[in-house]
Each structure stands twice: as C-alpha cells, then as structure tokens.
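Shared chain: chain A. Partners: chain B in the first complex, chain C in the second.
Right after this comes the complex of A and B.
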C-alpha cells in the first residue's frame, strides 16, 4: 500500500481560534500502481484537504497517514529524522489554484525547479521542461515568460507541467481541468490516462466534471461534510439518491443515452463510457 | 440601446504579441452575451478593459454612452460589476463580511441597507455561516461563491462572470445559472465568460474569440451548431449536437430524433 489513511481527522484553526473539522475518521488505501481514481463531492466537503494529506503537506490532527512506509501523525511531527522530501517526490500534487504553486521568474525555471530540487541534473531538468511544456499544449516560447503574466488556463497548464516534470510515482491533481478549454481538457485527461496505462502509475483526480468521472475513473471516492461516503466503481454511483444527496450530476453520456432510449423506445445494449461508443451504438440502432 | 460599445480596441501587455487585436463589439441593454474562446484568446483581457483595469493602446470603450477614461472609470464601475476568474484577486477584507461590504461601501450604500444586502446575498450563495471567516481560509468553491455574492450585492446594471462557476459543484453551478436567468429577466445585462457550452446555451448571443480577435459573433442557436467555428477556438459541440452531426455525416436520416436532440441541447 502506497498511501494508507488510518482514522484520519483534520481540524483547521480559524482566525478566531475556533476549530473547524474538515476531515472526520477517514480510512482509505491507495495502491502504488494501477489505480485511476476520481475524488468528488460538494463544495467544501474536504477534497483538497484530503489531497494535501497524500503528500504530507498537511499532518492529520487525528489518526495517521502512511506514505510509502513513512508515518505522518501529530505525535511524529517533531521527529527530526522525519524526511518529507522523498515523499514529495514520490507523490506529486497539483494545487487547485496554480497561483499557489508558481513562484520562479520564468516558466522554464518553474517547471525545472521540482526535478532539480530532487537531484536531477540542470540539463536533464531543462530537457524535461521543454518536453512538458509541449505536453500541456503550450509552445517553447512560453519557457522564457513570467508565470505570473499568463492567462488563467495557461497558468494551470504550467502548474501541471511542473509536477509532471518531477515524474512522481503517484499523481494527485486537484481540479486539473477547471479553466481549461475543452480541447485542452480532453488532451490532458488523455495524458493523465496514458501515464496511468503505459507506466502503470496511480493517478488521483479531483473534479466536479461527472463526464470525467464516468469516462475515466476505475474507482470513485465521494466526500461529504468531511466524511468519505463512497468508495467504489463509477457504474453504481449515479443513482437518483446519490446524485441528490451528494450534489452530483448525471454524466451527459448517461443523460443523453437515457433520453434517446426513451424517445426511440429502444434499449441500447452494453456500456457506453464515451462519446464515440455512444454514437456508434446509436448508429447501429438506427441503421 | 447599447450598454457596452467596444470600437477597434487593441491591447498588448508587452512585447509585440497583441492580447486583443482590433476588437469591435457592442452589447445591448438587457442582453445576455457569452464570451467563449481558447485559453489565452483574450477573454479576461477584454473584461478587464471594460471595467478600466487595463487601458487600451488604441480604440474606445463606452458604457451607457460614457467614454471610459481616467475620469469616468469610477462611474463605470458602479454600472459594471465583474466576478474575477481567480476569486483571490477580488478579496480585500479580513472576513467574508468585509469583503462583501467593500463593493457596497464604494457605492455609498447606507449602513442598514448594507447589512441587509450582505446577509441576503450570503444566504443566497449558502455562505451565511461563513461571514466571519477569512476569505483565504475557504475551499475553492466557497471562494467563488463569496466572490459572486460580493458582485450580486452591488446590483450593477451589467455583470461580467469571468469563469465564475469553474470550481463549483454541479448544484452550485445550476444555482448560479438560475441567478443569471432571474437577473436577466429583471433587465440586468449578463456577460458570462466560459468554456462550458451548457452555460452558453442560455444566452442570446455568443461571441467566440480566437487569438485576440472576434472569430464570430452571432445568435446562440447559430453558434451552438457551428462545429467548425467552435473547433477553431478549441471548443466542442454539446453532446446531443455532436450526435446530430454524427447522424448527418453517416447519412442517418431521422428528422424527429434530430429535432429531439436539438431540444435536448437547448435544455442543457
């Protein structure tokens, strides 16, 4: 088990000193390889807080998290032998707000920062920066620009490139596609999926986009008010009751499929997880 | 009558690449106009020019017939509210309450009315219990809700929503769409900037930007079906219309299903 949550609770401290319980009693296992997980749930349900526990950016106030064998807990916090750097390298986290992640003078330096920090040579880090800027759909002219003088979607892309360049074992992406144009969103989801498939890596994506969940996820985690309320396959998830109780939405593919079935008085056989599948099935049914 | 008139506006941040290149556009009072386009196409730049946060190197901008300039910018900001793409850029107060109050103070709203509006709009976006929290200590979606409340409370004639729903959950997004519908019915000019065709469906008109230029501006029903224009700016058809397109391409003729798909897409 690469990441193991044992009865984890997390309480934020407000400015007025009041505590706010953002996570309650979370027990959860994430494998080192082979997982493609989407983490969903209503606004303020604790998704980002949970994600920040996956690479020890936050330390639980209750319980413990084991990350690649390293125990992270309140009691262990003062331990001088506790090394977080290897954890940060193994579990790469892309923040919900790219602004929290960008700080170097140029985009190129920003992307190269992570790899260099983890001992990759200057030359190799620059190579990676060039490769990654293309992968996220920007050209090399961006490498010499300031990361602060970019559009919202461009910043998001650069922040993703920076984490990809670290080549972590596990990728945790907090709303990586919000603010991306549809072409960019589809392309990057394919990139994440390929990293998962070709390199057998685990990917965790936080999203509000039910289409992403339905098309890609093998496993879905649903948060509600600091609790983990669902951990299972996407196919069973979208019942009327769950959709209503957890502020979800039915994915477009399912919605449109059901509407067409009803309109034509037919039943489409088999699963249709993406547009191409659905269109092919409709084509068959109508010919 | 036009509430916003943009004439031959160009803007360059620095260097020689134009973020906006000779853009002309006019928006009628009470109209609902969505602005779409690929990342970096100039949407946010355009919105910042309209409220005078940036100054065009050439061209003119008029709001309610008033030409935007250093001496009119304050007046114009009373007429046009903008929800920023990054809510952090909008926060100035120590608490959520201060933050919503800030815009109202600028409008010189009387204290009792101000308190009433703060509470009303905080409730509207479901953030009432958070009024005393620090805006920076909120989740992403909560920040967006507060940013929206702050602008709604100002009751400006025109509201620009710069990807204001990008981090909201589906229910929250639907709720904001509902605010837009209600406000627009009451006469407010609504200008959402978005990548979601579902959000654009509701609008009277859609403007598609590409590389700082207006690629196309037309009635929504025409743009929604215009696969070529959409794809040229990294956008995609709504799913039912994609299916309709597939049917056309493959010679599947079923007029009643096509009509059904069209209706389906209009209903989001």
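Right after this comes the complex of A and C.
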C-alpha cells in the first residue's frame, strides 16, 4: 500500500482559533501501481485538501497518513528527522494553477527545476525536460521560451511536464484539464492514461468532468462536505439512486445510452465506457 | 504566515464598529501624535493601558492583536537592544565589569553554540535567546581567571534605557491602534473615510479620491497576497523546494522561486482588477454616488472630543512639566 489514510481529519485554523473542518474521518488506500483514480465532488468539498495530504504538504490534524512507509501525523510533526522531500519526489502533485510554480527564465529550466532539487544531474534533468515537453504535447522549440509568454493551456502543460520530469511513482493532478480546449483536454487525458498503462503507475485526477470519470477511471472517489461518500467503480456510481444528492452530472455516454434504450425499447447489456463500446453494444442489441 | 492581521477586516459588533470611519481615522492620527508627544513614564503606561482597555471594551480579542504583533516582535526587540547598547547619555545606572580571558571567550562561544544547536527544539525562542544573552554576559563577568586579554565594562545609561522603553511602547501603541482601525472598518468604508478626510487637499489640486483608492486597494490586497504566497510555497514544495532547510545558496533559489511567481501574480491581479473596475465604468476623477452614506452620530462627537482632549492633555503636561 503506497498511500494509506487512517481516519484522517483536517481542520483549517482561523486566526481566532475557530476551526473549519475540511476533511473528516477519511480512510482510504491507494496502491503504488495499476490504479487510475478520479476524485470528484463539488467545489469546497475537500478534494484539493485531500490531494495535498497525499504528498505530505499538509499534516492531518487527526489520524494518520502513511506515504511509502513514512507516517505523517500531528504528533510526528515535531520530529526533526522526518524528511518530507523524498515523499514529494515519489508522489508528484500538480497544482491547479500553473502560475503558482513557473518562475525560471526558460521553460526548459523550469521543467528541470524539480528533478534538480531531488539530486538529478544537470544533464539528466535537461534530457528529461526534452522528453517531457514532447509527452505533454509541445515541441522542443518551447524549451528556450519564457514560461510567461505562453497561453494558459501551454503554461498548464509546462507545469505538468515539470512534475512528470521528477518521475514520481504516483501522479496526483488537481484539475489538470481545466482551462484547456476540448481537443487539448482529450490529448492530455490520453497522456495520463498512457503513463498509467505503459509504466503501470498510479494516477489520481481531480476533475469536474464526468465524461473523464466514466471513460478512464477504474476507481472513483466522491467527496462531499469533507467526507468520502463513495469509493468504487464509476459504472456502479451512476446507477446509484442517491447520485443526484451529490450534485453530480451523468456522463454524456450514459445519457445517450439511456435515451436510446428508452426510445428503441431495448436493453443494452454490459459496460459502455466510450463511444466505440456503445456503438458495438447497440449493434449487438439490435441484431 | 496566516497570522498576520495587519489590514484584515474582521466582522464584529461593538461601538468601534458603529463609529464613522472619518472619526476613526482622525482619532487614530490624533492619538498617534499624542503617543509620540508623551514624555513621562507614567503617562506612557496609562496610554498603553487605555489602548488595551479600548480593545477589551471594543470586543476585539487581545489574542488576535497579540498575534498580529508577534511578527514585529523581532523589530521591537532589536530597537530596544540597539538603544540600550548605543545610547550613552545621562547617568550610568548599571555597570557590569567584563573579563575577556581565554577561558571566558571559550565558554561564551560554547554557550552560543549550545544555543544554536538547541534553539529549534525550544518553544519560546525569544525568551530562550534572551536567557542565552544573559548567560554570555554572566560568563564574561564571573569567569575572571584563565589567560586575561583585556577588561571591559558593560554600561547601561539612564537615557538609553528610557529611550528604548519609549520607542518600544510607542511602536506597540501605534500598531495596536492601527490594527483596531483595520479590524473594525470595512475596506470600502475606510476608503470613503480616507477620501473625505483628505478632501481639503483638493484645494492644492491633489486628487484625494485616487489616493484613497490606492491606499484602500493596497490594504485590501495584503491578505490576498499572503494567501497566494502560501499557495506558491506549497506548489514549490511539491517540486522539492525545502523551505525549512538548505544552505545559503539553496535559500537564494528558494526565495527566487517564491518571489518571481509572486511578482507575476501581483501584476496579473492588478491588471484583472483594473479591467474589472473599467468594466463597471470606473473613471478616475469622475464623481460617483455611494451605496452607503456616512452619518455622523453622537458617539463620533464623543470619540472626537475624547481623542482631542487626550492630545491636549499630553501637550499641556509637556509644556508644564
């Protein structure tokens, strides 16, 4: 078990000592390999706070998080020998807004910044920058450009490349596709899916897009008011009755499928995660 | 970082909240001038007491203001020490002979190293530092054997001590008063109040409205920028920047990785703000109507009279004494 949450609670402290409970009693296991998880929920439901616990940026105020065998808890916080940096190399977290991390003169240097912090040699870091810029869908001419003259989508890709270059075991992405055009979004999602499939790495994506959830995710976590209310497969999630109460939209594919079933009076068997699946299944049902 | 309260409005309900911002601004200036003019030790303590009681009656948590003062503790402490060491006027009130011997220097260095090694484990850092300083002086005073290099004396002068005290209390009073103002006044009210108070400057062709707007926007954005700084630190920490540790060379990179995004974000924010203001037809210098109109209440007159009385009292006592 790579990341293990044990009854984790997190309270944001106000200046008067008034607390706001962002996470409550969360128990959760994430494997080192083979998982493709989406984390969904309304804004303010604690998704980002949960994600920031995954690489020890935040220390739980209650309970414990074990990350690659390192125990993170309130009691252990004072321990000076506790090294958090190695954890952050193993669990790469991409923030929602790239503006918070881009600072170097060139895109290349910025991507190489992370690996260099973790003791990767200059040359190797540059190699990785070259490799990663291609992976996120930009070409090498970007490496010498200033990160501040890029468009929003390009900045986003550069910030993702910066984390990928650290070669983390687990990749956590906070709304990686917000602010991208539909084509770019799909391309980037494919990249994450490939990383997951080819390198057998665990990927956790925070998203509001139910289509992403339905098409790619093997596992969905639903957050609501600081609680983890669902942890399981996406196909079962949307057939639950109380899904409406969680303010979640139904994925397009599922809407189309239900409409076709109703209009044609047929029942389609099995899972239909994407367009091709659905077409094939409709064909079968009509035969 | 989140503990910095300067410039943050906190909703509440007390007479300080219902006062007119103009009153609060003028009273702040008058009381600050008064605090600067106070010369007697007793008056200074009374002033400090009065300001503290203002906090209590105004239902502002003292803890909150103390938390706001804490980041400035170092500055206060530094000015205090500086005054004591370098102001050598008046009578000597404390003389401490010191002996610089090989043994005492060695012992002092040992104390300093011990402090440096253990300071991270101690909760009350400032107090611990003070104890260490006292310990070093004690070492130089009591260890008079070993190989003697030189003798010296540590002197504290009356003037030095009193100046140090006055500067410190004055700073505390000023910070407390201005914190009261910003905690109890909404930025929009503060803006309006400032504009009205500065209005007479319009005669000499100074655009008071713009100045008021600039000041209030600056105040408004302090907490926002602090939040942003916090987020940037988290984002950089996940790329392996360890803000807690590192050598000097690493520190430079750490600070750059924080400051550059900070700069970019501030410019972006101000650009967005300018656009948002223009989109709502804000034209500098044009007369605008207000949603909230300021009303002068009896409470304001009382507050005004009280603050001017305080100032008069201080001036009179200065002249007479």
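The working rule: the second predicted complex is superposed on the first by the 271 of 287 C-alpha atoms of A that agree within 3 Å, B and C clash if a C-alpha of one lies under 4 Å from a C-alpha of the other, contacts with A are read in each partner's own complex, and residues count from 1 in each chain.
To be clear about the criterion, a residue touches a chain if its C-beta (ideal position, glycine included) is under 8 Å from a C-beta of that chain, and two chains touch if they have at least 3 such contacts.
Just so it is clear, the structure is predicted and the values come from calculations on it, not from any experiment.
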First (chain B), second (chain C), both or neither touched by A:181
first
With both structures placed on chain A, which of the two partners, chain B or chain C, ends up touching more residues of chain A?
B
Quick check on the superposed pair: does A:259 touch chain B, chain C, both, or neither? Answer first, second, both or neither.
first
Contacts of A:113 with chain B and chain C, given as first, second, both or neither
second
Looking at the overlay, what does A:99 touch: chain B (first), chain C (second), both, or neither?
both
Which superposed partner A:59 touches (first chain B, second chain C, both, neither)
neither
Should A:287 be classified as contacting the first partner (chain B), the second (chain C), both, or neither?
first
Which partner does A:207 contact after superposing on A: first (chain B), second (chain C), both, neither?
neither
Under the contact definition given at the top, report the residues of chain A touching chain B in one complex and chain C in the other.
15-16, 97, 99
Interface with chain C, chain A side, in the complex: residues 13, 15-17, 52, 55, 57, 80, 84-85, 88-89, 92-93, 95, 97, 99-103, 113-114, 117-118, 148, 162-163, 166
Touch list for chain C against partner chain A, complex:
2-3, 5, 8, 10, 61, 63-64, 67, 120-121, 228, 231-232, 234-242, 256-257, 260-261, 264-265, 268
Can you name the residues of chain B that touch chain A in the complex?
13, 37-40, 43-44, 85-86, 88, 94, 132-134, 137-142, 145, 163, 166-173, 195, 231, 233-236, 239-240, 242-243, 246-247, 250, 252, 254, 257, 260-261, 264
Chain A residues touching chain B - in the complex, by the definition given at the top
12, 14-16, 41-44, 47-48, 96-97, 99, 149-154, 157, 175, 178-186, 208, 210, 247-249, 252-253, 256, 259-260, 263-264, 275, 278-279, 282-283, 286-287
